[in-house]
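Worksheet: one structure, shown below.
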Amino acid sequence: MATLQTKSAARLMMAPAVIALLIWMIVPLSMTLYFSTLNYNLFNPAQTPFIGLTNYRFFLTDPAFFTALTNTLKLVAGVLAITVTGGILLALLLDQDFYGVNIVRLLVIAPFFVMPTVAALVWKNMMMNPVYGTIGQFLNWIGIGAIDWFSAYPLTSIVIIVAWQWLPFATLILLTALQSLSEDQKEAAEMDGAGPVSVFWHITLPHMARAITVVILIQTIFLLSIFAEIYVTTSGGPGLQTTNLTYLVYSQALLQFDVGGASAGGIVAVVLANIVAFFLVRIIGKNLDA
Amino acid sequence: MARAVSTRRKITMTIIGWSIGLLIFFPVMWTILTSFKSELDAIATPPKWFFFNWTLENYQTVHARSDYFRFMMNSVYLAVGSTALGLLFAIPAAWAMAFSPTKRTKDILLWMLSTKMLPAVGVLIPIYLMFRNWGLLDSHVGLIVVLFLINLPIMVWMLYTYFKEIPGEILEAARMDGASLTKEIVYVLTPMSVPGIASTVLLCIILAWNEAFWTLNLTTSNAAPLTAFIASYSSPQGNFYAKLSAASTLAIAPILILGWFSQKQLVRGLTFGAVK
Amino acid sequence: MGQITLDKVSKSFGSTDVIHAVDLEIEDGEFVVFVGPSGCGKSTLLRLIAGLEDVTSGRIMIDGTDATGLAPAKRRLSMVFQSYALYPHMSVRQNIAFPLKMAGESKDSIERKVADAARTLNLADYLDRKPRQLSGGQRQRVAIGRAIVREPAAFLFDEPLSNLDAALRVNMRLEISELHQHLKTTMIYVTHDQVEAMTMADKIVVLNAGRIEQIGSPLDLYRNPANRFVAGFIGSPKMNFVEGDAARGQGGETIGVRPEHLDISTTDGAWKGTVGVSEHLGSDTFLHVHVDGQPTPITARTGGEFTLSHGDTVYLTPKAGKVHKFDGSGLAVR
């Protein structure tokens, strides 16, 4: 449905949003790309000689990079493992009919709305503190003894906090997918002699497959750039134990003022994210036609 | 759920469901409870659950730190400002994509989505330097623009999926009835999509409110929102659990309530329409 | 006035041609029906006249002036859509008033015209309701009300009855016909239902694959179809087509006989066959007869009390002068 008039009007109305995003994407990114080839330190901003790919060589061969990359992957994998399995189980639970299921759903999705800085500080101080934290007191009470989470298992602690924040997201999306499964299909399977477990494996899980993929991809995008949780709890430490790629670039730029090196790191992060984005865009694009 | 569930099964499920729900909600609930305790009760062993001297002194203390409300208002400015600016750009764009699609519409939508996937660190340095040169560091305007740009793809997508559900014939009817393009959008499209626009606004306010990378890196005090205010508690000073809890409760309460209202629409917005 | 002329109007979407150089003359006050199978381009043709789509080439004249490039609002046409396209957030009154409001008419005149329209369409009691509180037929009337208040040069109807149930459809058909007699304004009506076309039209335009197959009055098309397509499309049940020797004997590649133009006998006749299914409607009986040498059964209409059943032998004879002959390319041979 369109005439030439509406088409040209449409182009005009789309222009501001497209141009704004185009500038937002291209200008800073090309500047980052440019900076990444300079020896550019904010302590000495007058002299920024071109040094080619040296920043990349330094960044990629720096042991910190390898640690940060490993930490990033561990963080993403850990959180995904917890949220996807937990999300499926919670979705199955919330799909049941029990007293107050709507209120329980609200309780389960609450963590998603908690500001990352609040979530991190509440967990660090009030849950995981070995002396005053609720978890420590609980572990003492059952006789295991408190754990100093952030000293003993810093990365695991961050994984737990982030997983808690993202569990509602996975649950909500998987629940929506689950509820779109027609009762007829399940009943047909039951008529064909399938028990609850077979129904889950052969009907429910395949039905949720696309939603699970979407959860994994979208979360990966966000999890690759976890920042606030690390910033307010460990500042990347102890040592580099909780430094991920985002935090490494941040500290290189705004704590060590090495613009060139940080820019190279930023580009590396962009490349990594794009690999994931490529798959996500294809999945969502396919869905657009449907 | 047409089938009757046996009562025993239902009660078992109720117990399991509530236990798990409360377990997940526990950190939030504990924060809210602690915010009403004295600092001593807050760190008592064994923990005091409900029987303690309920007090509002923490809220008074937080309130007394006169800057609390400035942070709070900054959060409001940033969330509302970026969302309002976003609507201005996103409604016309989504209209165009939904009702006058071309061969490239799909590509443009996906490209917008891909900008959302650009990791912030990739552009942190140029943005930081530009802001510094233009005096935009720690300013409302600068952050509103950044938050607006971050949320713009989500807004366009959400509105697009809502607009798509409006039958094109209705807009054509308006066109036949003599409405100009502006009148068509003002009198027909916008009133018809109030629910969709409302949930888009809610989601974007939530996302802007909780955004913590740019707000932490581009502000210091003047324009700093609640994310930064809370971050200032990251180095503990003495007994501060109850005060931290009160500040946290104040920071998350409005968004928690907004979020609960918009939970249904959230899925669509966060998955770019891939799961409805 | 509402005289519309299409001059070699064509429309393509990308490389697909949907309308092929259509010429058409619509007189003022005429009730014209565009009919054809789905995908034949009838709705597209209507939307081209409305201005909701651009023509690829050709001209559209309304009352002698070139309207090809005009915006829909400027063509003085009203349209009733298949989905009614009522504004869900407005009351019936606001819906009907909307075109007047857009035209910037005064409050008094809007009120008067809305009241008039509501009276004509029996909507006076529903003016303050929202569309979702109305039945299908009432919604349809609101859509018509919104169309008539503008006093347009012509009304365009895009399959307006296809969302209604069968009984209501018959009623609304009559109401629209009455409205036409009352207003005497040009109406262009698109449908895929040949019964609607036959009962309502002054002039039927049969479309197929983006081309006009034939233009004529309903009886004209029934009596003298120009080709096999029109012959098969107009009339219910469909015309029977017979090929082979039986046809060549009559002087055509194919001959067509309508079910109502077959004499049925149990003793002798032109074609011998056996009864397959017989459908008893009470007033009529339709026999599906398997005739030797014909790939598809032949339908014959007979009286309601007819008592032949499955497997009986029967003889069919076309009535004299009611046989349509077609040549190899499907054109009628006269």
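Should a chain be cited, it is by its letter among A, B and C, assigned in written order, with residues numbered from 1 in that chain.
Definition applied: contacts are C-beta pairs under 8 Å (C-beta built on N, C-alpha and C of every residue); 3 or more make two chains touch, one makes a residue touch a chain.
Treat the numbers as computed from the prediction; the structure is a model and nothing was measured.
**Student:** State which chain is most central when centres are taken as means of Cα atoms.
**Tutor:** Central by C-alpha mean position: chain B.
**Student:** Please flag the chain sitting at the greatest distance from chain C, going by CA centroids.
**Tutor:** A
**Student:** Which integer distance in Å separates the CA centroid of chain A from that of chain C?
**Tutor:** 58
**Student:** Cα centroid separation between chain A and chain B, in whole Å?
**Tutor:** The answer is 16 Å.
**Student:** Counting in whole Å, what is the centre-to-centre distance of chain B and chain C, each centre being its mean C-alpha position?
**Tutor:** About 53 Å separates the centre of chain B from that of chain C.
**Student:** Taking each residue of chain B in turn, which ones touch at least two of the other chains?
**Tutor:** 172
**Student:** Mind pulling the chain C residues that touch 2 or more other chains?
**Tutor:** Answer for chain C, listing residues that touch two or more other chains: 52, 71-72.
**Student:** Would you pick out the residues of chain A that each touch at least 2 other chains?
**Tutor:** Where chain A meets two or more other chains at a single residue, that happens at 1-2.
**Student:** Where on chain A does chain C make contact in their complex?
**Tutor:** Per the stated touch rule, the residues are 1-5.
**Student:** Any idea which chain B residues touch chain A in the complex?
**Tutor:** 1-2, 5, 10-11, 13-14, 16-18, 20-22, 24-28, 30-31, 34, 42-43, 45-47, 89-90, 92-93, 95-97, 99-100, 102, 106, 108-110, 112-130, 149, 152-153, 156, 168, 172, 181, 206, 209-210, 212-213, 216-217, 226-228, 230-231, 233-234, 236, 241, 244-245, 248, 251-252, 255-256, 258-260, 263, 266-267, 270-276
**Student:** Any idea which chain B residues touch chain C in the complex?
**Tutor:** 167, 169-170, 172-180, 183, 187-188, 191-192, 194
**Student:** Quick check on the complex: what are the chain C residues that touch chain B?
**Tutor:** For this pair, the touching residues of chain C are 50, 52, 71-73, 77-79, 81-83, 85-89, 98-99, 102-103, 146, 150.
**Student:** Write out the stretch or stretches of chain A touching chain B in their complex.
**Tutor:** 1-2, 6-7, 9-11, 13-14, 16-18, 20-21, 24-25, 27-29, 31-32, 35, 90, 93-94, 96-101, 103-119, 121-123, 125-127, 131-132, 134, 137, 141, 164, 167-169, 172-173, 176-177, 180, 183, 210-211, 214, 218, 221, 224-225, 227-228, 231-233, 245-246, 249-250, 253-254, 259, 262-263, 265-267, 269-270, 272-274, 276-277, 280-281, 283-285, 287-289
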